[in-house]
Each structure stands twice: as C-alpha cells, then as structure tokens.
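Below is the structure I would like to discuss, written out as structure tokens.
Chain lettering (A, B and C) follows the sequence in which the chains are written, and residue indices restart at 1 in each chain.
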Amino acid sequence: MSSESMPAIGDRLRPVLRWEAGLALVVVIIGIVGASASPQFLTGNNLFNVGLSNGEIAIMTLPMTLIIIAGEIDLSVASILGMSSALLGVLWARHWPMIAIFVLIAAVGLAAGAVNGLLVTRLGLPSLAVTIGTLALYRGIATILLGPRTIADFPATYTNVGVNAVPFTGNDVTYSTAAFAVLALIFGVILHATPFGRSVYAMGASAEAAQFAGIRVKRIKTILFMVSGLVCALAGVLWTFRLDTAVQDNGLGLELDVVAIVLLAGVSIFGGKGSIAGVVLAVLAFAGIQNALLLTNFNQEAAGIVTGGLLLLSVFGRNAAAVSARLRRWLPSRAAGPPPDGAAAGPQPEAGRRPPG
Amino acid sequence: MPGPGAGTGREAGPVLALRHAAKAFGAVQALVDGSIELYPGEAHALVGENGAGKSTMVKILAGVHQPDAGELLVDGAPVTLHGPAAAQAAGIAVIYQEPTLFPDLTVAENMFIRRQPLRSGRRIDGRAMRAAAAAIFARLGVPLDPARIARGLSIADQQVVEIGKALSLDARVIVMDEPTAALSAAEVDRLFAVIRALREHGAAVLFISHRLEEIFATCQRVTVMRDGRQVLSREVAGLAAADLVRAMVGRELAERPAGAHGTPGEPLLAVRRLTREGVFTDISLTVRAGEIVALAGLVGSGRSEVARAIFGIDRYDAGSVTVRGRALRRGSPTGAMAAGVGFVPEDRRQQGLIMDMSVQRNVALASLRRLRRAGLIRSSAERRLAADWAARLKIKYGRLGDPVSMLSGGNQQKVVLAKWLGRRPAVLIVDEPTRGIDVATKAEVHQLLLRLARDGVGVLMISSELPEVLRVSDRILVMREGRLAAEFRHADASEEEIMAAATGQAAGPPGALAGQAVP
Amino acid sequence: MSATVTPQRERPPAPAGTGARKLTERAFRIRESGIIAVLAVFVAVTAAIQSRFLDITNIQFVLVNTTVFALLALGETLVVISRNYDLSVGSVLGLSAYLSASLFGQHHGIPIPVAFLTGLGIGLACGVANGVMVSAGRVPSLVVTLATLYIIRGIDILIVGGKEVVANSLPAAYTAIPRSTVLGVPDVAIAVAIVVGLGAYCLRSFRSGRELYAIGSNPDAARLAGIPIGRRVFAAFAASGAIAGVAGVLWAAQYGTVDSTAGTGYELQVVSAVVVGGVAIFGGSGSAVGAALGALLLNTISSALYVLGISPFWDQAIWGFLLILAISLDRLISVRLTAALRLRGARHG
C-alpha cells in the first residue's frame, strides 16, 4: 500500500500545485515589497480598508470559479450586483421592510442566474455571448429602476458594514471579509470534497465523458449560474450598504476584475482545472497590489495595467513552452503544414464551441 | 488528370504499389505483411475485419505513417511520404468517413480553398471557380450546385465535394474509407456512378468496405487482409461472396475456456421494439442473468446507437426498456444507473474516461454517491475502491494519482471497466470492449466478462471482432442496417455465418448470393 | 464485369442544391433585410409619434454617431469571423482619441491628416500586440484582449493624468469634419459606408478574406488545408486595432472633449452590434455590412428612445435584450436551416 497511500493530492496535477505555490510566493513578495514601500501597508487599519474595498469582488470570484471550471463563464456578475443594488435602493425608498427586500433580492438573483443557466443549457447558446447580453440587460434594468437617482440614507445598522469590523475579531475584519472567508470555506469544501464538485471538474474537462458517467451536466450548470446570481445579489447588498449609496452604475466593470482574479488563480479558461485555495491567494495578490499602488500614490485608475499584466503573465506562464515553440515556427512566416501540437488560435470550447447541428 | 480511357488496365503498370509493408505501434504489430497494387482505371476493394491491418495500410498510403519495412512505389519508383501533404503532392487523395468541409463556405470555395482562380488585381474569380467546380461535378455525373453553402449537405454530398476537390488537385489515386457506411441506397448508387466516372478518367480507386454486394457491383480487384497480412488479391470476376468471407475469417477458432457457459437465469434487461427513426428499427432483445449476449454487425449497423438509447444517452422514438421488470425512463442515464445498468462506451478517450483526471478519480467517478459520508467524499474510501479494483483487474499504473492518459490503452480500458464494476451493476453493456488493446489484455478482459457472467451479471456486448464474439458470448444477435438480422446460439454459430448475416448474404450453400445477380 | 445493379440507378439524380442555394441566400438576406425592416419599423413608429425624429438634423446626428461604431464593428467583424474576440477596442479608441487630439494642442498648425495617421499608428501598434499574443500563444483571444483592455486603458489613464483635451484647442477644420455634409448626408457617414463596403468586398473577393471565414468555420479543416492561421489571425487583429485607432480620431473630432474615460465600455456594445448584425458568434459567417447595420440599428434605437422621451436609461436593457434575442434566433434559425438543407439534400439524392 506504499505508493497508493499517497493522498489524492496527486490529483492536483503537479503543474497546478506549482502554480499555487508560486502564487503564494507572489503574495509574500507583495507583502514584503508593499511593507517596505509604505509603513502603513501591513497595519490592521490598512488591512481593514483593503477588506472593505475588495470584499465584494472577492465574494463574486467564488461562484465564478466553479462556473469557469465547469467550462462556462458569467460576465453578468457585476450587473447582477448593480441590479440588486438598484432594487435595494428603490424598495427602500418605498419603505419596504428590509427583510422583505432581502428576500426579494435573493429571489431576483436566483432568477437572473436561472435565465443565464437556461439560455446556456436549454438553448445551447455559448455562455460568453449570453452573459454579455445579460450583462447589458441587467445593468439596463438597474438603470431603469433607479434612473438618475441616488438613494442613500440606509439605516445605520446596515451601513455599519462599511464602517465597523465584525465583533469579537479584533478591529480588522470587515463583514465582507468574513463573508468571503465563510463562503470560501463552503465553496472550497463543495468543490474539492463533494460529488457535486467532482462533477464540476469532470464536466469542465470533458462534458461528454461526464454525461456518460451519469453526471447531469445541464442541471449542474444551471445550478451554478443560479448560485452565482444569488451570491452577486448578496455582493450588491454589501456594496450598497458599504457605500450607503444605490446608484445605477454600482459595480460597473467589476466582471473583468473578477475574471482576471480567477484566471490569475490558475483556473484554466478551458475548464477542468483550478482550486479555491488558488482563488483565495489570487484575491490576496490582487488586493495587495491594488493597495500597494494606492499607498505609493500610483494612479489608482491605472492599476488596471497591473491586473492586465498579471493576467497575461498567468496565461502565458502556463504555456511558456508551447508559446516559444510557436513563436519560432511563426517568425519565418511560412505555413509548414499543421503544427503537431494542434494549437488553435482562437477561443477554445467554452467560448466558441459550435453547438451541434 | 489523364484523359478518358488513358492508360487503363494492367499494361500501364500500377500507379501506386505497396510491397510487403510492416508497421508496429509499440507492442502492437498492426501490419505484418501488407501488399497491394492499384492500377489506373480500376476500382480495387480492400476488405478485412477490424484489426486486420486495413486502416494501417491506408494510413501508410496516405502518408500519415511510414512503414517499418517494405516499400511504397509511385509509378514504379520507391518513395517515402513524410506526411499527408507529400501524399497529396504525389496524387493520392483520401476521402475519410467524416469529411472535413467548411460549413459556411460554398461548395466551390471548399473545393478551391487556397487555390481559388483569380482575375485582375488578385481578386477571386467566382464565376471561373464555380464553372470549374461545375465542370468537375459534370465529369462525375453529380450535378451539385457549386454556389450553395456546405452546411446541411448530406454525408453523401460532402463526399462528392471531397472527391471533386481531389480531382481538382489532379489526384490519380482516390482512397475511399468505408464511404457507404452512412449512405442510403440511392446515394450508394450515385457513388458507384461517380466511381465509374473516376475510373473512366484513368484514376485508381481504392474502396474500403465490408459490404460484399457493393464490392461485386463496383470493383474489379479485391484484396483481403487478415491478421495484418494480405491473404488474397485477385480479380473480382469469378469470385464468390462465400470465398471472400472465408478468406476474411478463415482461421483456427480460438480455444473456448471449459465450462464457460452455464444456464442463464431470470431476464435482467428486456428491450422491446426499440425504434429511432432513421437509425434503428424494432429492436427487441433480452439479456438474462449470467448470460453474455453479443450484438454483432458491421460498422454503421446501428449497434452503438441502440446501446446508447438503452442507457439513456440518446433518445428513442418508440419501444421500451425494462430492467428487472421496471421500465426505464428514456433519456436518463441516471435512471439507468440507478436500475443497475453500467455502460462501457465505444470511445474510450472521449466518452469512457476523463483523460486529465487521475486513475483514482476516474474509477470513482460513477460511485461518488456511495463514497459519501455527511455529504463529503471520503478520500480513503475512494482510494480503497480504486486500489481494490486496480488490483482485481491487474491494472498497471504508476500511482493512483497519475492522470489516466499516462496508461496504455489496455489499462485505460480496465479503468473504464473498474469504474462500472465498482457499482456492481446487474446489467453491463460494453461497446467494443477490446478495441485497440494488446492481445494479453484482450484475453484478460474476456476472462473478466466470463467471470461476471458466472457471478450472475447480464452482459450485452457489442463487438465487430468475430473471434471475440464467438469466444465469449452465449447468444449472438446480428444487426444489419438498423435491424436485427439473425440470432445464433453460441453452439450453432460460425464466423462465416455471422459475417454472412452481417453483410446480408443468406446463410446458404457457398456461391449463392441472396438477391444479387452473380457476375 | 460488374454485376447488374438495381434499376434505380438508371434514373438520373435530380439537380441538387439549387433549391438549397436559394434557401441559404434567402436566409442570409433575411438577416440583413430583417435589420433594415426592424430599422424601418422603428423609424416609422417613432416618426409617427414624434415627427421631430425625421428632422434632417436628427438624422445627421444619428448617422454621425453611428460612424464610430460602424468602424469599430468593421474591425470587430474581421476578428469575430475567425472565431476570436477583440475586447480591447474601446481602450484603443480612448488612447488614440486622446493622443491624436492632444497633438493639436502641443503642435500648433499640425495638418489634420497627421492626426489621423497618428491615431492609425497607435491603433496598429495595439492591434499588432494583440495579434502576436493571440497567434503565437495558445491563449484564447478572450483572455488576451481582456488583459490588453486593462493595460491600454491604464496606459491611457497614466498619460492623460487628470487632464483633458478641450474642444477649443482643436482646429476648426478638424471639429468640422463630423459636421460637414454633402447633399444633407454627413461626409463621415459616406466615408465610413465606403470603407465598410470596401471591407466587406475584400472579405468576399480576396483569398485571405475567405481564409478568415474558413478559419472560423472549421479551424481543424483550416489547419488540414494548410491555411496559415497564425498569419491571418494576426492580420485581423492588427486591422482591428488600426481601425479602432482611426475611429478614435473621429471620435475626438465629434465630441471635442477627450479625457481618460473615452471609449469605456464600447467593446461590449460593438460585440452586440456585430452579433445583432448577423456575424455568427462562432465565426465563419456574417458580413461587415451586416455588422454596420447592427451598429446603425442600435444607435437608431437609442435616438428613437430619446426623441420619444423614453429615458435613455432604457438603452442598455434594450440592446442587451436584443443581443440575447439575436443569438437565440440565430441558434434556432441555424438548427432549422441545417435541418431544411439536409432535407433538401436528401430529396434531391
């Protein structure tokens, strides 16, 4: 039983383990560099602020991770956030009781996710195109609901999520950070230790083989989209309370940050690979970089350069060998017949798979 | 392209010849002694069972593989074809079973992609292109509209486009790999006309098929491969179908293990009048406990489709499936699995396994629910399941955590089997259980199936390998063109009879072809 | 001597395919005429309610607004046809708009064509970067252009700082470009229509254009056929970038004020326009003309909503809904079309 007693960690193929280890190293480096660049970097107060500004994004990365591992993508996440924020504002302005509002928002989040899921599984449409459409549709609904208004004056009990730390944890943990930690644990257990999670990996690696093993691919994908909708609705509520503002462009553009973090985490855009641990590390890396840039007075809005650069590094890093081989073949500009590795230039299954027929 | 009537027949010498070629892939000797000579203006049939070496020979002719021994001669001169492009340049074109066209481009564009005729300013001359395509189709006697897009073309039409493309490239040898497998009778007739046109223009046609009546209808010469060797190569004239069948299968029957067949028990799987329009019709069969029922027939006869419909991957239009007396809902693999059915699919790599996943996870994939405690997979139980079955099936692997892609074909197939056996199914459907597997593992798989039957499992086995069918099964059902054509009890069957039923020849005295005029 | 075959063979096969060709041509023209039909309906209904909609100034306004998007749609079409995506066009437009417009402030008296060339150059550089990364690496263009969307926008922000180009720093001749008309039709609309038409023509009439379609239609077959996929895809991205660069210069002429937010969010609108216009999201089919019509449709709808007093806040929801409708319809049509084409093929043997 000697070699077989190796725990199934061997399943996380060595390259991926290397990835998370590398990412952990990056996080450490960011910590060191950040701390040396600015004395405030590792202070509790600063960590609190980091948690505040990145909490909702972090939360949204979790269901996105499962969706991408399953071989799909959801670009409507930020718009669901916005829609939930708009609902919160509009209903609060009409003096609905907060509990009723929460229930409705949860239902709307689930419904929004269900729309995505059904379009993808029943109509067989590519998730990229569908969620670009729902990105616009849901953001549009948020805009219709709120118009040019900005709703503020939410009750202090709720807006305190943007001010206070979670009690009994010292002064540094925001509610959104706590929510992220709890959700990361839940998603992590589900993804890595349950049949559901194993099915997600399977269908991302090979939808056909998964089907032949009795996995209900369509049902699971629909569930994933619905969960994403629910979680993003939650993020919308947190966002609104934190800023004490409901306005139609809440969360505009966040979907790209979320996808970037998930890809940075080593989750393969083709599906079938990735881990929640990696996502947690990637969130830390992302937040750390943003914060370091902030503290060193780097132009905040231009921090996208760093995110983009990291994204490129993460995807090219995986394919370093394949890339250099292709570059060599590409430079003489002659088509010498099909490349042996069968590399395709273009979006792979999740984005561009032609449905049968 | 040589003009009509040019250089036909033997005097011209073979345009393409393969002499005593051999090819091995790892431990598997796919081709031992392959020889064939293709003359211009002739249609030459290549016949043989699965694993007889036909496809390896074709791949050598197509330049995909290079022979380990022997030589390939084009116009009498030895050549080495380093790849498909070289073969194409030498005038060899291969029409595969699955044509690869561009669905959104027109037929003419598909034919002339990269070589479209140009007019002033390097612009594509659409009219000339369509006219050239139309001319080729006229030569073939098939009036396809060159201006329609390729999407929605039937397989038959797609083949014609590919043939047209080959002609436009001045192909002198056109290899057709099981071209009639997916065609209707009318389309087959049209293809024969095309082949005649090709011959009249001096091309050599290599026609790979199992369907003997087609061979007699179209070809002038036939080569039979068996166990990697060429065993027969002669004119079709004067040959009888039964002779062909004998050449294809004639061999020592493999030793049957003693006491392999007991008395079957209660019916486990009952299929009644299963029908899917255009695919299979009126399929009724029963598998009893302890029984191995083989479903034999040619490629394209609909067997895998029936199996997939039973298991619920595909839907069906009419009929019913019951397992242990309870009806299965159609289209629900989960329902089938819950009723105790397991399914080892035909395509190991795409359907049977998740190649990037570990051995352990692949074995456990169908048993996840049983490995749960409090909702979580117990990794120790998972490991034990995998290790257990790996030992029982003697799977050779490095570590349980290794991706299954690292295993040999035979061991991969054992992983698929382990996956299903881990569920202790009542009924096991296996589709081509030993395809692409080395001889030793083949024998192990057969032993395994026999042991399962002894333990009371009902096995439905789809196989194109007659020795396997005879070695292992208790009853043999033969499918042909979507219908059940014959049933044999193991004691009564011979390879020749099975092959005859599969190819549509009545089991009668040698030399008589059912419903066909003898040449 | 071959055996006699069944008499069926003597009947010559009926001419196959002409019906099918007509069917597909009809299907394709349905798309473009469908857009025009929807357009006409919108215009008619809106004009009936609010005749101001058909004022010449309003039509000119819509046309001019559309030009930038039509250009972007042309570039995006090249990329999407080959089964790729270019999400960086909005950022490229913004960068080019700022850099070329700010030229006028820094170098007085610079001729306008130089500004256009600058924009073209900037866009080309971005497109080349995208193209190299997509064709050399096994990385999906979605990810690459997502990253460059960020990076280029970030560079733009760094360069712009808090500044902005103000309209009155721009030469009158430049800002007059979007406003000058010929017989009531804005110059730029005519120019862009010509460019789009040329683009569509090139795609249809040159080998490299057809190869782009082939690559999107069946990448495996394209490889087997020896098509230089890397080179073609690179060219598509380079062109898309260059076109976005030129669009940026036009944009600046139109809006006058350019800050670091120029072009934000445009990429998704462009992809929507392109898909609504009939360029299949899987690649392989569609035309630049259709894409431009899609852009026109979306812009017209926005304008109509505005004129009707419906708040512009409905814009986004509507074009999101239209996108979903378009791809759903595309899917249903493609399934039906394939089935019908198969049926026709079978009937004609």
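Side notes on the structure shown:
The definition used in the following text is that contacts are C-beta pairs under 8 Å (C-beta built on N, C-alpha and C of every residue); 3 or more make two chains touch, one makes a residue touch a chain.
Fair warning: this is a prediction, and the values are worked out from it, not measured in the lab.
Here the largest set of C-beta contact pairs joins the chains A-C. Look at the CA centroids: the one farthest from the centroid of subunit A belongs to B. Distance between chain centres (mean CA atoms), subunit B to subunit C: 44 Å.
Between the Cα centres of subunit A and subunit C there is a gap of 29 Å.
Residues of subunit A found to touch two or more other chains are 337. The multi-chain contact residues of subunit B, meaning those touching 2 or more other chains, are 85. Within subunit C, contacts with two or more other chains are made by residues 216, 224, 226-227, 338-339.
Per the touch definition, subunit A reaches subunit C in the complex via residues 119, 123-126, 128-130, 132-141, 143-144, 147-148, 248, 252-253, 256, 259-260, 263, 269, 299, 301-309, 311-312, 315-316, 319, 322-323, 326-327, 330, 333-335, 337-339, 341-348, 351-355, 357. Listing the residues of subunit C that touch subunit A in their complex gives 82-85, 133-144, 146-151, 153-155, 157-158, 161, 215-216, 219, 223-224, 226-231, 233, 260, 264-265, 268, 271-272, 275, 281-283, 311, 313-321, 323-324, 327-328, 331-332, 334-335, 338-339.
Considering their complex, residues 1, 3-11, 13, 189, 193-195, 198-199, 201-202, 205-206, 208-216, 272-273, 337 of subunit A touch subunit B. Those residues of subunit B that touch subunit C in the complex are listed here as 84-85, 100-105, 107, 109, 113-114, 116, 118, 122-124, 126, 142-145, 147-149, 151-154, 156-157, 184-187, 189-190, 192-193, 213, 216-220, 236-237, 516-519.
Contacts from subunit B toward subunit A in the complex involve residues 83, 85, 313, 333-334, 336-337, 343, 345, 350-358, 360-361, 365-366, 368-369, 371-372, 375-377, 379, 382-383, 387, 398-403, 419.
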